[in-house]
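Chain lettering (A, B, C and D) follows the sequence in which the chains are written, and residue indices restart at 1 in each chain.
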Amino acid sequence: MRREIPLAICLIMGVVMTVQFFVPHAASQWLFDNMMKWLIIIAIFALMLGLLNLIKIHTQKVINRRKDWPYSIVALVGVVGTLITGFWGIGADSPFMVLYNYIQIPMQATMFSLLAFYIASASFRTFRARTFEATLLLIAAVIVMLGRVPLEKYLGGQWLPDLAEWVLDYPNMAAERGIMIGVGLGAISMALKIILGIERSWLGGGEKG
Amino acid sequence: MHISTSIWVWIAAALTLCIYSFLYKDNPFYKFAEHLLVGVSAGYLLVIEFTNNIIPNLFTPLKTGFTTLFTEGRATGDLAAIIPGLLGVLILTRLLPKVGWMSRWALGFYFGAWQGLIITGSMQASILAQIYGTFIQGNHPVFSIALFGDMVNKFGWGTLIGAISGPLMILGVIATLTYFFFSTEHKGLVGGTAKIGIVFLMVGFGASFGYTVMARVSLLIGRINFLLSDWLGIVH
Amino acid sequence: MNKIVTLLAAWLVVGAAAVFAADAPGGPAVVEARDFPNDAGGSITVSWPASPLETGKDFKAYEVHRKGPGDAAFAKVGETAPGELTFKDEGLQNGARYEYAVYAAATGQAPANLGSARATPRGQWYNTDKTNVLVGIVFVVGIIAFFILRAKAGATLFVRKIAGLEAVDEAIGRATEMGKPILFVSGLSDASDISTIAAMTILAKVAKKTAEYETPLIVPCYDPIVMMVEKEMVREAYTEAGKPDAFEEDSVFFITQSQFGYVAAVDGIMVREKPATNFYMGAFFAESLLLAETGAATGAIQIAGTDRVTQLPFFITACDYTLMGEELYAATAYLSRDPLFLGSLKGQDWSKAAIIGCLLIGTVLLIISVDAGTWIATLFKTAAEGAG
Amino acid sequence: MNFFDKFLKIDRRYIFILVAIGVVIPLVFPLGLAVTVSPPVKNVYDEIESLKPGTPVLVSVDFDPSTEPELGPMTAAVLRHCFKRKLPVILMNLHPGGPGLALAISDKVAKETGAKEGVDYCFLGYKAGGTAVILSIGRDIRLSYPADYYNKPIDQIPMMKNIRSYSDIGLVVTLSGSTFPDVWVAYAHERFGAKIAAGVTAVMAADYYPYLSTGQMIGLIGGLKGAAEYEKLIGVPGNGLKGMDAQTIIHLLIVLLIILGNIAFLLMRRQQRRGEQTRPSGA
């Protein structure tokens, strides 16, 4: 009961959604459109669990005065405050959107922009001509970097941007396609094993039994 | 332009600097910003999902569905919203240790449906489309004998590249695929081809790395512009 | 196998016939109206022969008029430019009969009637545009199933060395010696993403080892469903290892589903807890380098695995070991050596061999004739719309 | 630890400082590094130069904040050029995320150039429908836009008096981070013969080159680099040139770091090898 029923549901849904793909009929479209909504709804219920987990962990930190507990208060105020302002209203000028625009967006964008620093430090630290392969990687990276900025005047014309574009369009694209085809096969194989109940770790148990 | 007088711009600027302080080292300012961001973003998402999905796709159809059922005695498609509603409740059983296993029914539905979508989607987008793209680029075959003829007749960089790029693309895809053979030892023909595959992979990774720098620097420019112009008003 | 060959042959013949039959230039001989194929119904395509008026200076447009059930007279539903000899009429009622009349309109002249035709829109039960997807799935699934069955029957199967997975034991051992925790990030996508599932299966194996050694494990989650599943999985691993008491409920926890909020927190965990080993498995996006560079700065051994082509370069450069693309999916088979999984891996390899075969055939055909090569390529062309 | 070893293990925070300086300096003091103008950008400029003063230009801001860093600067540059040439500008959006950006950019450029709302430019706002909106402008712009963004009837806007369809418009400029340029070409150009120029992100630019060779587009501005080129053509440095300065510096900085790192690495390896050779065997 505890394992067989979920496995059976999984099998049925997997087959149904595979077949659905090939059926253009209105009934099939109805199923597809609704399925997309349903899957999101299931995920949102899980999100509530996630939020409860977040709140629980930080509350425990505060109660037990664990290391860095004052910051847990910040997280709790953040989550509860956003929820309260959110159920108040989410119009364009609502407190909720102000929080979003002036707290969440700037911090997210700043985290994202840290990449400019990290991409520089990673290039310095790791692009070393240790082996033949590493050297290829390094040279391709340097060519494309130089080809992307306007240096035609200093580096003798258009050849560098052209070369950079060619490297991106051919060798790079070939490698990407090769990876993607392999990934597609791996994904189909994994999905098949899940539908057939061979891979059942999503049940939460070990892989067998 | 002058320094900003908006309290919110000041808050945004202060939080921006808090995050940047992590570049020096972990510190209380970063910890504060980090925890605030986690809390606010988690709450934001639930609110948005609730208003954009739960209300229109669960509550509203349930309400109209049951209203028509009870007032007109007619079952409509809206009642199908019972399905995700029940599955959602099953997910919540995880909170109760005794019946927590029932959440697996909902998970079976969720994982099963996605596997069906993944099988068809992967075949279409990751396999067939990539094979097609290997042969046809921008509505033209990637290579032809005619291009080699051009190369012989008017030898030069342009015609050489034009002729060899296509075959190189096909070779690259085949060699990369060969690298991913798992059930044979990489020796002999397979081993040699796989080595060529590694060459393509490394050139591809390097190129892709170099290509991304510009987008990342753009983000930094965006943030610095915010600090210098919106907040401090130094530049305009 | 014979069936597959027959199916493939049939598919090639049908495909060839379709390619050569389609697109006769200049439109049909008379006005035609047909149900639009491969849809849920509700639309009809009207096509007509080119009018001699079209080349004239005064030509305005082709006009399509329609009379549906209950309509007293024809009414104009659309017009097309010169040379455009088809029109798709949408929003119709399935099963109802519609009549169409086409006119060529030119200034200063009465519109010339080109003729009329009738049709009834219907929904279809099979989309013929997706036959290549069907054949592909039948083929790949067939091969994989075949090798799984063979493995079940006891065939021995070989798997080549994968460096990133060889290192898993060593990495866990190192953490144990140092008395430091292991961090496992299972990607920034949700459970609908197959790479996330691959990551979860790897976590199951890693958790079993950390349970044996009683090495602390930190699993911050981006997706709540993933958290639900992984919590059970890790608990189970500890029970199986005979150490259910060593399992800490809070070692698997949810952070936030915001990309950079999540990364901010995980970066914080890295610099504060200083894990000896970081695993990054699953789907990653722009944040990959934010994780990997921070991890490298803390001196952790880093093992990454992703199927996201755009993020592989960052893991390859900043991590000690990286599982590339399909290697991520091979990990479960590799770590468990379960014959069924190894069998499916063998099936994937044969599928790859078949695809390489297709690429070679296509190349040969392209050399012989551009038309033949292009034709074989179009067999792999997929309908523009996404799933569904 | 010798010098090379120390250099190779340099604290990464020094690199962070270099990156920060490399971005801040050009933003505060534009360096004006040489930018070579590419033909597709020059074509857009030439087309606008060739329009008679008073010929309206339709500028469709079809992007949202996610691509603003790349597309914002070129939008500003094109507007500036039109205002300078006294070409009335009709601003509109096919992307729902566009109106706020279009307003902010046009306000700023208008303030700097002295252009007046309603006389030198007007803002029609967002209309849903994409293709349908483009087609309707082929008949009469009033079909989709009976009134402007502020709900003022079109006929009461002085500059709109004689503008009905594409035949009254000298050029359509679409700025987009998605596939709107395709739709503009397919309908406004193919059906109604409108001249189309597009501004797109750097990644997308290559996809649109075919339209240039067939003449379906008269020109193309790609990414921040394209914006920088356009700013150079009109002689007013803006965020494009400044941004491109910063980009060039960071790219060169990274390449330099890689080269220095490798020189140090190779020299160190050579030293180590020599050390191994001179050491007595068995040690």
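Just so we're on the same page, contacts are C-beta pairs under 8 Å (C-beta built on N, C-alpha and C of every residue); 3 or more make two chains touch, one makes a residue touch a chain.
Just so we're clear, the structure is a prediction, and the values are computed from it rather than from any experiment.
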Chain ID, smallest distance between chain and overall C-alpha centroids: B
Among all chain pairs, the one with the most C-beta contacts: A-B
Chain C-chain D separation of Cα centroids, rounded to whole Å: 32
Rounded Å distance between chain A and chain D, as computed from the means of their C-alpha atoms: 28
Gap in Å, rounded to a whole number, between the CA centres of chain C and chain B: 12
Cα-centroid distance, chain B relative to chain D, in whole angstrom: 24
For chain A, residues that touch 2 or more chains besides their own: 18, 20-22, 39, 42-43, 46-51, 54, 68, 104, 107-108, 111-112, 114-117, 119, 121, 123, 125, 127, 137-138, 141-142, 145, 148-149, 169, 176, 179-183, 185, 187-188, 191-192, 194, 202-204
Interface hub residues of chain D, defined as touching at least two other chains: 12, 16, 19, 23, 202, 247, 250-251, 254
Residue numbers of chain B (touch at least two other chains): 19, 22-23, 31, 33-35, 37-42, 44-45, 91, 94, 107, 110-111, 114-115, 117-120, 122-123, 125, 127, 131, 134, 170, 173-174, 177, 180, 201, 205-206, 208-209, 212-214, 217, 219-220, 222
For the chain B and chain C complex, residues of the former touching the latter: 19, 22, 25-26, 30-31, 33-35, 37-42, 44-45, 91, 94, 103, 107, 110-111, 114-115, 117-125, 127-129, 131-132, 134-136, 141, 143-146, 167, 170, 173-174, 177-178, 180-186, 201, 205-206, 208-209, 212
For the chain C and chain A complex, residues of the former touching the latter: 38-41, 94, 123-127, 130, 133-134, 137, 140-141, 144-145, 148, 190-192, 194-195, 197-198, 200-201, 204, 208, 221, 223-225, 227-229, 231-233, 235-237, 240, 250, 253-261, 263-264, 272, 286, 289-290, 292-294, 296, 307, 309, 312-314, 316-318, 324-326, 328-330, 332, 336, 338, 340-341, 344-345, 347-348, 351-352, 355, 387-388
Complex interface listing, chain A residues touching chain C: 18, 20-26, 28-29, 32-33, 39, 42-43, 46-51, 53-54, 57, 60, 68, 104, 107-108, 111-112, 114-115, 118-119, 121-123, 125-127, 137, 176, 179-183, 185-194, 198-199, 201-207
In the complex, chain D residues that touch chain B: 13, 16, 19, 23-24, 27-28, 69-70, 202, 210, 223-224, 239, 243, 246-247, 250-251, 254
Of all residues in chain A, those that touch chain B in their complex: 2-3, 5-22, 30, 34-35, 37-52, 54, 68, 71-72, 74-83, 86-87, 90, 96, 98-117, 119, 123, 133-134, 136-145, 148-149, 164, 166-185, 187-188, 191-192, 194-195, 202-204
